Amino acid sequence: MYKENIYKICENKPLTESVFKMVLTGDTKYITAPGQFINIKLEGKFLRRPISVCDCDENTITILYKVVGEGTKQMSEMQVGESLDILTGLGNGFSITECRKPLLIGGGVGVPPLYMLCKRLVENGASPTVILGFNTKDEVFYEDEFRSLGVNTLVTTVDGSYGIKGFVTDAFTDGYDYFYTCGPMPMFKAIEAKAKTSGQYSFEERMGCGFGACMGCSCKTKYANKRICKDGPVLFREEIVW
Amino acid sequence: MYKENIYKICENKPLTESVFKMVLTGDTKYITAPGQFINIKLEGKFLRRPISVCDCDENTITILYKVVGEGTKQMSEMQVGESLDILTGLGNGFSITECRKPLLIGGGVGVPPLYMLCKRLVENGASPTVILGFNTKDEVFYEDEFRSLGVNTLVTTVDGSYGIKGFVTDAFTDGYDYFYTCGPMPMFKAIEAKAKTSGQYSFEERMGCGFGACMGCSCKTKYANKRICKDGPVLFREEIVW
Amino acid sequence: MVDLSVNLAGMIMDNPVVPASGTFGFGKEFKDFYDINMLGSFSFKGTTKEERFGNPTPRIAECTSGMINAVGLQNPGVHHVVEHELVEMKEYFHKRVIANVSGFSVDDYAYTCELLDKEEQVGILEVNVSCPNVHGGGMSFGTSAAAAAEVTKAVKAVTHKPVFIKLSPNVTDIAEIALACEEAGADGICLINTLLGMRIDINKRQPVIANKMGGFSGDAVFPVAVRMVYQVSKACSIPVMGCGGVSSARDVIEMMMAGATAVQVGAANLVNPYACKDIIEALPIECEKLGIVKISDIIGVID
Amino acid sequence: MVDLSVNLAGMIMDNPVVPASGTFGFGKEFKDFYDINMLGSFSFKGTTKEERFGNPTPRIAECTSGMINAVGLQNPGVHHVVEHELVEMKEYFHKRVIANVSGFSVDDYAYTCELLDKEEQVGILEVNVSCPNVHGGGMSFGTSAAAAAEVTKAVKAVTHKPVFIKLSPNVTDIAEIALACEEAGADGICLINTLLGMRIDINKRQPVIANKMGGFSGDAVFPVAVRMVYQVSKACSIPVMGCGGVSSARDVIEMMMAGATAVQVGAANLVNPYACKDIIEALPIECEKLGIVKISDIIGVID
């Protein structure tokens, strides 16, 4: 289920030079799983902007977004107290499986949805290891937040300026029994080559509607055509056609 | 000369159910004559909205506008402190002639530009008579403001609910030696039929630019083609082709 | 009380508002937002003889006041539509629906329409000869009067339902093509489909859309749509279903004054899933302001 | 330092930014806003053999992200342009200008161009075969490949200056028409002119524009313009001057990537008189962000 509603900005601040954290207050009951996303209407922009739910409770939604274009720029300039028209509860979200030691692998702005996922997994009694991959030290965000969940948190940077030098796959630890990942396609390819267990990938696609009506975001899977926005964004490793 | 600039709203309040007064602060040096207009850029609207200067001093511009469509609706909802991108000093404005007892005839939202004109004429030693025409009592505005200039002010209403019953022409007094008018076309036609002196009419036309570049607002006069925005909005009685 | 009902080639509708094909799926995604039985009708996602995946992604690009899509007629094929979608639809939509049909040959169109002709739920066949997103077919029928007429004849031969031909705006003379369809027996014209458009990702130095070009629609195209609805309704005597850039009750009224008997709402549904509901609720209010007591009175009032 | 210069059919310009015909008059109204010598060049208001008042007013209608105009080629006639406007222009514009020319017959075009050919200030003749606002001429030349070619030949016969044909977007196959012009000797193609559009005043129940329909332009038409620039630049080997909905430096870059050698800015000048100045000042900054050191490198980089 999904719903359109008005949300008020109660926090909007930079975490790095280009990644911002925004906290919104309003109805959150349509958000039912980690890895779901919301779709934000911005003044003067035709299409909504899809952004993953990073965290949510009874009446707040937290998102982390990177300024990459006009829409996200506009978001970064909004003030606390301003309102946004948002569709919430979109997408399938991650499935909480009965794994004990899952790997959570996030690259860049693929990190946000893993936060709420991590919380749920911990609640479920699992002991995740989190790998957060960035290009360089200045881009690192949310490391502390993951650590405060009491989980093993590894950071990689491509240039080695912080944490483990290299790609997320260079931080792979042994003994994991499942994986969840969100991030850019090259990272997915590297994970697919290295991972030894079953797992879930969260995809991105340009969207017309975000709720399954336009067929703008379709992809082929082994078993059927799926819409990233409605049947995804999360797909199981087993069904994906690379 | 004309100029684009940013102006701050320091007052915006209804005078009647649909006519609002807005006072703007900012650079006013390009406004050189009564009867000139400004052209207002509104968020989400493509074309600017032309509105007459009702009054202006060193750093404020007063306009009176009627809510007739989306743009003026939007203006009416703006708050004190908000800013507007405006082109000022547009149009020729009224010529101050050496008249002693001019008639100033305004109909509806044709009233505003006559206010600054009236001030200038009084400063110039003339004793204008002002006729303000409205449909009904509830629509009357700026009567007191004209009176405070110390001029003879007559109000007409079509339904007789206030002032003289009838049209502005029903309030024509004898002894005037010139006239200035702004208002709707039927009023112009009635004045043209009745007036016995020379005078000036201020016209309206749909505008593309407002500063003479697009030929969107052309009209034929006896002597040449003119642009209402640049060579007008004020035309002399003698040159007008009805 | 404003009377919003219209008679569209014999199909009586409670109001003239119809979600446009491809922006409403089969209605399933919208029924969770509101009761879609309030709609005049709706045009379902274009179907074809065979199942189609459509074009590679990205298929969507944003534009100022509009969007480009290059879905490429993804659909499960007409057999699946008849056997599954229409059966399911019975449960949540109790009015007659408009069946949007595409093809790659005249026979394709006839085949698909013949199947849909048997479906009681289908009130009107909307034959799309104008999809810009499929190579070697689709749009080419809509850019030639003769080809559009041929499709019309073939479809009319296999159905007793009213046939509307949905035309492409990417043509020199829209009235000529519409007239050819009328002469070939069409019961109505639907227009406009999308304008052919393109956007480039200047960071990546490549088109935003994988297919390079796509169909441009949304608020931005409204003035072109109004113009074509006007031209076609003046040239033809069959009813016109107007479409293109409609997003408000006032847009609906403007398009009806231009000559439309019913009005489709496309891209607006994607951005505001309540678009059609909002419009239908605002229509009586806007009509009252304008002194319209019976909305069908304003159809084509412009000279 | 980004090199913004481009070579437009032999005319070297400091930058690719050119105000579009009809939105810049003869430059007089803009020189009070900024020094217009910073422009690459500008295309002056379309002129004709005889003086024209143009269409009745209202001639302007607002649209979402755009406007409709139906000026109808108001201009003082080519003789007045040559004897007065160009003489005056010498004082405030010191680069070569683009002369925009319209006509109602092939002879008209030739007559007007022959006169302008003698003017040293004129760098390029831009032959408008696409004005939608004049009956019985103008646009009809631009909607037929044969007619457009005929005009091209007639003009080429009377001038040694580069001749650009300005095409109408209101056609089924823009590349075909552009190719016909190239084969007839055109030195370049300028496109797009305005889309034919219409708006209705629903209060008054009449078209906003006295002439009913008019030319639709502004941001809204950008995706159509990019598409056509792309199609024509791929089909032809002569340079393309892109136009339609450009209002920012990024739009200029996008249109050049689509294939334009120079880029015209139209309606944006009317709303923001500093539009071209703003764009020219922003261009080096945007180019640097994108790693462009020489703007001519990006012309047509899209496959």
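When the chains are written out, they are named A, B, C and D in that same order, and each has its own residue count from 1.
Just so we're on the same page, contacts are C-beta pairs under 8 Å (C-beta built on N, C-alpha and C of every residue); 3 or more make two chains touch, one makes a residue touch a chain.
Quick caveat, the model's predicted, so the values are computed rather than measured.
Peer 1: Which neighbours do chain C and chain D have in common?
Peer 2: Common neighbours, chain C/chain D: none found.
Peer 1: Give me the chains shared as neighbours by chain A and chain B.
Peer 2: Touching chain A as well as chain B, we find no chain at all.
Peer 1: Which chain is most remote from chain D in terms of Cα centres?
Peer 2: Following the centroid criterion, the farthest chain would be A.
Peer 1: How many Å are there between the centre of chain A and the centre of chain C, using C-alpha atoms for each centre?
Peer 2: Comparing mean C-alpha positions, chain C is 36 Å from chain A.
Peer 1: Using Cα averages as centroids, what's the distance between chain B and chain C in whole Å?
Peer 2: From the centre of chain B to the centre of chain C is 46 Å.
Peer 1: Multi-chain contacts in chain A: which residues touch at least two other chains?
Peer 2: none
Peer 1: Two or more other chains touching the same residue: where does that happen in chain C?
Peer 2: 61, 63-66, 219 - these are the residues of chain C that touch more than one other chain.
Peer 1: Which part of chain A faces chain C closely enough to touch in the complex?
Peer 2: Residues 1-4, 41, 45-48, 87, 205-209, 211-220, 225, 230.
Peer 1: So in the complex, which bits of chain D are touching chain B?
Peer 2: Answer in residue numbers: 22-25, 28-30, 32-33, 45, 53-54, 57-67, 69, 71, 74, 208, 218-219, 267, 269-274.
Peer 1: Please name which positions on chain C make contact with chain D in the complex.
Peer 2: For this pair, the touching residues of chain C are 61, 63-66, 68, 143, 170-173, 195-200, 202-203, 205-207, 212-213, 216, 219-224, 226-227, 230, 245, 250, 253-254, 257-258, 290, 298, 301-303.
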